[in-house]
Structure formats: structure tokens, C-alpha cells
Amino acid sequence: MQLGLIGLGRMGGNMRERLRAAGHEVVGFDHNADKTDVANLAELVEKLAAPRVVWTMVPAGKITEDTIDELAGLLSEGDIIIDGGNSKFTDDQPRADRLKPKGIHYLDVGVSGGIWGFTNGYALMVGGDAEIVEHCRPIFDALKPAGQFGFAHAGTHGAGHYAKMVHNGIEYGLMHAYAEGFEILEASELVENVPAVIKSWREGSVVKSWLLDLLDRALDEDPKLANIRGYAEDTGEGRWTVDEAVRLAVPAHVISASLFARFASRQDDSPAMKAVAALRNQFGGHAVKR
Amino acid sequence: MQLGLIGLGRMGGNMRERLRAAGHEVVGFDHNADKTDVANLAELVEKLAAPRVVWTMVPAGKITEDTIDELAGLLSEGDIIIDGGNSKFTDDQPRADRLKPKGIHYLDVGVSGGIWGFTNGYALMVGGDAEIVEHCRPIFDALKPAGQFGFAHAGTHGAGHYAKMVHNGIEYGLMHAYAEGFEILEASELVENVPAVIKSWREGSVVKSWLLDLLDRALDEDPKLANIRGYAEDTGEGRWTVDEAVRLAVPAHVISASLFARFASRQDDSPAMKAVAALRNQFGGHAVKR
Amino acid sequence: MQLGLIGLGRMGGNMRERLRAAGHEVVGFDHNADKTDVANLAELVEKLAAPRVVWTMVPAGKITEDTIDELAGLLSEGDIIIDGGNSKFTDDQPRADRLKPKGIHYLDVGVSGGIWGFTNGYALMVGGDAEIVEHCRPIFDALKPAGQFGFAHAGTHGAGHYAKMVHNGIEYGLMHAYAEGFEILEASELVENVPAVIKSWREGSVVKSWLLDLLDRALDEDPKLANIRGYAEDTGEGRWTVDEAVRLAVPAHVISASLFARFASRQDDSPAMKAVAALRNQFGGHAVKR
Amino acid sequence: MQLGLIGLGRMGGNMRERLRAAGHEVVGFDHNADKTDVANLAELVEKLAAPRVVWTMVPAGKITEDTIDELAGLLSEGDIIIDGGNSKFTDDQPRADRLKPKGIHYLDVGVSGGIWGFTNGYALMVGGDAEIVEHCRPIFDALKPAGQFGFAHAGTHGAGHYAKMVHNGIEYGLMHAYAEGFEILEASELVENVPAVIKSWREGSVVKSWLLDLLDRALDEDPKLANIRGYAEDTGEGRWTVDEAVRLAVPAHVISASLFARFASRQDDSPAMKAVAALRNQFGGHAVKR
């Protein structure tokens, strides 16, 4: 099957390779001349036979919106745009509505798997109409893992990105649970070999997981994580998950705490703790650090 | 190798089978006449050749203490007691100290794996002297999973139970991260097929894990978990993990929130929320439910 | 000074009385015929001399928007609309922009004080242009408490409602801190007279506050809060505060936990805890409640 | 009334002055020669007429235990020891039991008020037998604030320190609620004058409190808290409160989050966030800071 693929970075580049390895014909576009197959989107569209399927894998927000709008001007009735980037789920229905008058179909796909997806396959959560999903099935089948899992048609427009958002919210919580356990073990006087304990959990334990395998891998490289600063960015999905929890009145102590810990990791000093220190000084005469 | 095994419940009974399947000779004792191999601990000790190894797998606290004390009176110099139950790590060094004058060695083992351990093997975290650990290695090798993981000598007396405690603390956090994600998905208007989304994560996703496989399994049986009440006991390790975090000055927002959620799940009404409702009524005239 | 006041409920009705007691002329409108001074907004506007000041004190959202739009059609250049309701801060600048072409000025005011404001005065946080704030100062002076505090010009359009929003977020946290302390005292075996302890804190202690006085008052009426259910609504500001914390990357563990506790207080059963119970059953064979 | 007072630091020194101002005869002991009235405890005891009342106000833990043990050797049947320091409530019953065979009575008193107690009076929470409490009432009356509040007989031995512990746990939560609100206001683009907003809350608002007054005072001195580092020690009571919440199965999200924030404020780097950063690098190739 033919696919136009826009954005050949860490994710898109690997996806092109995985799709080609599965026998699909991928026409890739990237602003990086070393990576791109075509000079521009017009040439990309030209190289595909109708009905065309074009997958965007570019940064969420304005770049994705602009790319989809440019594509909308180049594509024809019956063509399909798939956004596999980290768009916010609220962007999907408006996009589908914008494309519909031109007869262009739209799918949103949440893609999980990171840099391991090329080898292991990607978990795909798709939003949109069932018949369009079916039409694109060969592409999804090539991207997903070889086993029986890794693909879901989650619902209507936005459901794919929504499912991926919650996936990432959970991911925050899982990582932080391991992280707290790691910190307690590191602080303990009794456990002499923390990496060995974590390694032991990889089989037989209740906490075995792929993330645990990766933590073990990181500890193999750096047993105390001495060369890594405790600093973590966030890419939007964690925030949106908490916003959704708030909107839907779902108590989300764990996911929000994981998100807040990332915020704190990026602060040189905590304004809140300045206020606490000031208050302790005011009522108790406790010394403050200046 | 010979092993005396005391406590043949859900965990101990399966362990006896797994050990026997591996060719070990297990003499089991249980108060349940249908399960026990011997009439009492004296007979159990009698049936083992010195140096004997006896593994206790009974409820933590008084029952374990009493069992170990009774064993101490029956065993001889050079024999080994292993406690594989959910004892608190602070009990282990005092036990080792009590047994030492009699020349009896002691190991504490944290055992993870639940009812799946018989098939998959158990993850074992061991505390105690290296030479005693080595002596018992054939037992550990039979209990652990077939692969390269699932066993760690964590440190001195108590380190095995400590590692298992932290393992369970992490487990609380992992479960609650999935649980919050499940609740958000259930509340969402967009995601039409929550079980399908969760199933899709089993391969390729960043959140794939054994707990996720089990959540999928539970949803296969009951897609809305309609027949399960949101009520969860706790068995001590989660509380001890939070106590340790507090003692060691480790911020443990995620693990403590998971523990507190269990506490809340067991309350018919929340005294704290009564106070909140009373306050809102006092200052704002907001209605209270009576 | 003359003031048109729309909405004569629990808050607005008391404000009318407090303003009149201070010598101001208040023309009030309410849909409740027993409370209103005029038949409709047109009559209210007619009764005021230009430049008119009209204060809306109606439910946030559509009712407030509709009221302001209707007023905009009735008022003249140089008149002033003040919204003292619980509007979201993001609504204020658009309103000001909508009113500006007609020469109508706009202020947003966060009003705190609840049902005690009539007696104690209201804390007022105002957003908008300084000269308009000054023009309305006699109204603010009458509504605020007698002392030197209780009024702030917080900033431009929206700043008043923003300050009130954060005020309420803090309020959630304060209430829940007392609530948790109350629950621990209630659960303790040592403290025999919980209300006496809480009463003692009203003077001399670090935790003395107006909310504490009210908690003591509630305990005077019902020492165990036995007649109050642990159930609390939320009116928007707490959610917006958490959304803002998320947007601004501020760790807000305390305020979000207080909000989540309210969410939980309204659930008959917790979907998240169903998932936890299901998982414990799956891996450990732990019984579930059905 | 006569009182022996041991420990004349920030708290004890002020208490001596307040008691003397009320007409009581205080014999104070301190290792600081500039402060002490007597050379040693023997001389202190000698100067008091039986039945003697001696109040310890020294650091909790070994120093308090040693002081009480030394006093026990010097005092006589019918004398009374009062510990007003920050002892853990679990120490009180054992002390009372140790003193009882000698006929020495014991009271534990939680003292709140900080450096303001000299002027405002101290809130006192007392544990012990009612008749002993009554005997010491003149001392309590002099130390407590002038109004009707500020004193409670909380229960049996330990109840005084227990009530003070929970008081401090609440204090942590209150401070952190204000602190989070302060940080959100500081981060906001709309609120131009944060100190003015906070000052306005001192009257009329729902969040008015003594701690708020102190926050306003701190902001008067340093409107951005620019000269204070966000660093806060903890003195034990917060930890014990969380431990008690865990023991009693009380969900204490707010108090524990406030405690954990203090822990985090003292870390140069977060081991937990190192693990999160390592994991993000492993699965997503996200850059880590080194």
C-alpha cells in the first residue's frame, strides 16, 4: 500500500523503515534534505495514487495544523489524512469538520512505543470512522507489534489522541511509582545492592513491566544514576490528563502528583517553599536560608 | 535437596508443588489436616537430615514469631530457618540475634508472584549471610522463574523483606496509576471501547506490564467491573513503605496517595469531608446532606 | 452614591442591606418579586442617573453573560458594569472588549465573605482600570470591612476574579488541612475531647483562623458532626485553580488533593478502586466485594 | 505560685517572663549562665516548696528523658513534672509509669504560639489526671491567652502532646495551602500586585487567619520573598502526624504532601526524578541533563 509520511524525525523516520520493511511504499517528506524523499508536499501528493493516505508526524500545535491545512489544499475527494502526532484530542473533531466539505477523511492516531517501536512495533489507538480505519488497516498492521495486541479503534474523532493522552498520564504515574521506590531503596541502610533488587523484579514479581526492564537497563549503565540530573520535561499529555480529570471530576492524586514532581524538578527554587520558610521564620523565629 | 515448609496456604501450597516438580523433597506442615505431611513441627524436624532447612510461610506477626521460636527449640546447630512470609523488616535482625546463640542461621525472603508463582516462578529477595544464601540456592533456583531474573541477595538480615516491602509500595502506585487512567477513560465521552484501548496497550506501548495484562483479563470477564466493589484492604507493606519514606525524608506522593485511596475505599463516610461540609455550611450557607 | 444591583440572593441581598446601611441608594433587581425593587432591567437603568454603576451578582456563566449583554443595550457611554459573581477570569477581558466600543466601562470583582459579609464586610479583589476603580470606591468602601484590609486593586481585567479564584483554591486547602486533623483526632485513642482541643486553638495557637472559629462553631452544634454527610460540591474556582497550576507549571499537591477529595466525596463507588480490587484479585486471589 | 522551669531558650525564656509578669515565682535553670537562676537542678528543687511543680522545656528526645530522670531522683512524693517540650506522645505514658512508683505526678503539655506567645499567650493542650491539671491551673492560666480560648485538657497521658502533634500537622497543611496560592499568584500574568491581594484577605475573606497575617508581614519586608530560600526543616510533629494517619488508616493527602514538600526542599537533586529522567531517555530518547 502507498503512504505519504510527513515528518521523518525520531518517530517518523523509524516508522518509514518499519513500513517499508513490511513491503509498503512510503513517500516521506521532511524539511531535512538528508531525510526527505520529495522536495515538498505537492510533490509528495503527486507521487501517490488516489485515494491517497497521508500521515502527519510533526510537532503538535501550529505545525501540525499548518501541515494539515496545506495538505487539504493539495488532496482530493476521497483522500485520507492521518495525524499520528501528539495533538490534543480537542483539535481532532474541528479538523475532521474542516476537511469534510472537501470530501477528505480524517483519522487521529495515538502512537506509543518511542524509539523501540521500529523493532517492537507501535501501540496504535485510532479515532475516526470505522470504514476509513478499515481502509488504512494494512498500514496499521505493519506498524503495530507482531502479536495480537497493539491496536484499538477507540471511537470517533479525537478518541485516538484521547486514549494516547490517558496512556501517557498512566505512564507518568508508573514511572513515578518506580522512581519513589528507587529513592527509598537508595536511602535505605539495609539494601546493599539496589540495582540487583530491581533486576530481580524483571521476572516473577508483580511489578514486572517494560518500564522496569528499562530502569534496569539504565542502572546497568549507571548504577546510582550519578550522571543524570533529576530534571524532566513534560510534553502536554500529562497536563491534559489532569485537566480532564478535573473536568470529569475524577480523583487523580497519582497522575497529578507525578506531573507536579516534573514541574518541581525544573525549578531552581520553589516560590511555595519560600513562603513556607518565611512563615516559619515569622511565627517560630526559625532561621531562613538566604 | 530437603526442605521443611510450614504453612501450606495459597502461597505455601503452590511453593511445595513447584519445589517437588523440581525434584526437591518437601516435608510440609499445616494445621489443615488435608494439606499437611506431618502431625507437628517435631515430626517435621525429625524427617529432615541435618543441616536442616525450614521455611516458614505463615501470617506475619505473632504466628510467625511463635513458629520460629518453636522451631528454635527443635532445631540444632547449623540448621537454617528461612522466613518467606510478609514479616516487617525490623523483625529480622532481632530474630537472627535470637537464633545465633543456638548456632541456627536465619534468612529473610521477600516472595512476590501471588497465585501465578506456581506457573511463572516467584521473584525472591533475600536478606542474610552470603554463605547461607549459597547453601539454600537450589531451593531458590527451583522457586524463581526459569529466566535470568527473579532472584537477588539484597543485603543483610532484613534486606529481603525490605526489598519486598518497597516492591509492594511500588505495586500500590502502579495499580493506582492504571486505576486512575481507567476511571478517566470510563468517564470520557470520546472513548467508546475502554477495554479495547486497554487491551491494545499490552504490546508496543510504554505502559505494557504484567499488571496491565491482568487488568485486561479482569475486563475480559467484566468489561465495566460492574460486579466488583471499589474496596481494597492493605496488608502492611504499603503502610511500612510510607513510614520508611517519612523516616528517610523521601517525598512519596504517589505511594502514599495510593495507600490513602485504599483507606478511603473502606470508609462508609469520611470524617474529613464531614468537616469540610460543615465548614462550607458555616461560612457560605451551603446545604449539607444529613 | 447610586448603585444598580442585579441578583438579590444570599450574597446580593445582604450586600444591598450593607450598602443601604452605609447610606448608598441601591436599586435592586431580582426575578423574585418579593425581593426586587424594579420590574426589569430597563426600569432599573431608568432609575439611575448617569454615569450609572450597575453591579451583577448572578450565577456565573450564561446568566451573567446574558445579563451583561442586556445591560449593554440599556446603558450609555460612560456607564460602568461591575461583575461581582463567580465568573471565570477568562471571561472578563472579552467582556471588557465587547463593552468598550459602546463606551461602557467594566470591572470584575471577586467577593469573599459568604453569609457573614453583611456583618463583617466583604473582602474585595478588583480588576480593571484604576480610574474606574476610583470612581466606584465609595461602593467598595461600604462593602469592605471597617478595618484597613479587605480591598485590593489586583490588576487589569480578570485580575479580580483571578485573585478570588486563588483565594478559593487556598480555602479548599485550608479546610482540608483542618479536616484531616479532625479525622486523625477523632480516630485517636488518646484524645478524649476533640471539640475541646479544637476550641483551645482559637487563641494563642499557630493555626488560629476564622475557619477554625467556624469549625468550633459547627462542633458546638454537633460535636461528632454525626448529622452531616461527608459530601461536598465544588463551585468551579477550585477546578480553575488546579487548571491554572497545571498551565503555569506550579506544583499544587495540596489544592489538587483537596479538590479530588471533594470529587471522591460525591462518588457512590470509585471506578479506580474497582480496578485496584480487580487487580488484587487477579494476582493475589484476594477476595473482592460484589 | 512557684514553678521550676528548665530550659530558658526562645520558648522557655519568654514563658518565664510571662509567668513572672502574672505574679508567679519562677526558678529557671539553663546551661547558659547568663540566663539561669540556679546552678543546677538540685538547687532548683531546693528553692521550691513541696509540693513542687517543675516544667521541662528542653529539646525532645534524650535531653528531655535525661532531665526528667534526673528530676525524678531529686523530687519527692506529691511533686509534679510537666513536660512542655515537643516530645512524641508515645513517650508520655512510659514516663508517667516510671514516675508513679515514686509518687511523682506527670503532665504532658503541647505548647503552641512560637515567639509571639510572650505577648499573645500560648495555646496549651494538656494530658494527664484531672486533679493534677487543676492543681497547676494557675500556671496554665498565666501562660494561656487572656480570652476564653487557648487551653484544653485533652485526655490522659500523651493526649497533650498528641493534640499538639496534630495541631502542627494541620499547620503544615495550612502553610502549604497559602504557599501554593502565593506561587500561582506570582506566576500569573494578570495579578500585578500579589502582596496587595494577600493583604486584602486579612479582613472579610474566608481565608483570614493569623498565618495569613504573618505572610502579609513577611511580604511587607520582602514583597517577592527574594531573599529567602525555599528550604524548610521539619521538627518531628509533621512526620508523626503522617505516621499516625497511616496507623489509623486516615487518608491524609494534604498533610503528607506538605511534609513531602519540605523533604524535597532540602534535596540538592531528586533521586526519584533521576529515575524518571533515565526512563524517559530509555524509551523516548529524550535528552537528560548531566
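We call the chains A, B, C and D, going by the order they appear; numbering starts again at 1 in every chain.
To be clear about the criterion, a contact is a pair of C-beta atoms (placed from the backbone, for glycine too) under 8 Å apart; a residue touches a chain by one contact, two chains touch by 3 or more.
As the structure is a prediction and not an experimental result, all values here were calculated from the model.
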Review point. Quick one: which chains contact chain C and chain D both?
Key: A, B
Revision key, fill the gap. Check: interface with higher C-beta contact count, A-C vs A-D, is A-D
Exercise for review: Determine, using the mean of C-alpha atoms as each chain's centre, which chain is farthest from chain C.
Suggested key: B
**Study point:** Which listed pair, B-C, B-D or C-D, duplicates the contacts of A-B in over half of its pairs
**Key:** C-D
Revision key, fill the gap. Comparing which residue numbers chain B and chain C contribute to their contact, where sharing over half means same and under half means different, the two sides are same
Exercise for review: Indicate the whole-number Å distance between the mean C-alpha point of chain A and the mean C-alpha point of chain C.
Suggested key: 38
Study note, to complete from the structure: Chain-centre distance (mean CA atoms) for chain A and chain D, in whole Å, is 47
Practice item. Specify, in ascending order, the residues of chain D that touch 2 or more different other chains. Key: 114, 176, 178, 180, 183, 187, 206, 210-211, 245, 249-253, 257, 260-261, 264, 270, 272, 283
Exercise for review: Indicate which of the five shapes (line, ring, star, complete, other) describes how the chains touch one another.
Suggested key: complete
Point to revise | Residues of chain A defined as touching chain C within the complex | key: 206, 239, 242-243, 245-247, 249-253, 256-257, 259-261, 263-264, 266, 270, 272, 283
Check your understanding: Which residues of chain D touch chain C in the complex?
Key -> 89, 112-114, 117, 120-125, 127, 144-145, 147-156, 158-159, 162-163, 166-174, 176-178, 180-181, 183-185, 187-188, 190-193, 196-197, 199-212, 241, 244-245, 248-255, 257-258, 260-261
Study note, to complete from the structure: Interface with chain D, chain A side, in the complex: residues 10, 114-116, 175-176, 178-180, 182-183, 186-187, 210-211, 214-215, 217-219, 222, 225, 227-233, 253, 257, 261-262, 264-265, 269-286, 288-290
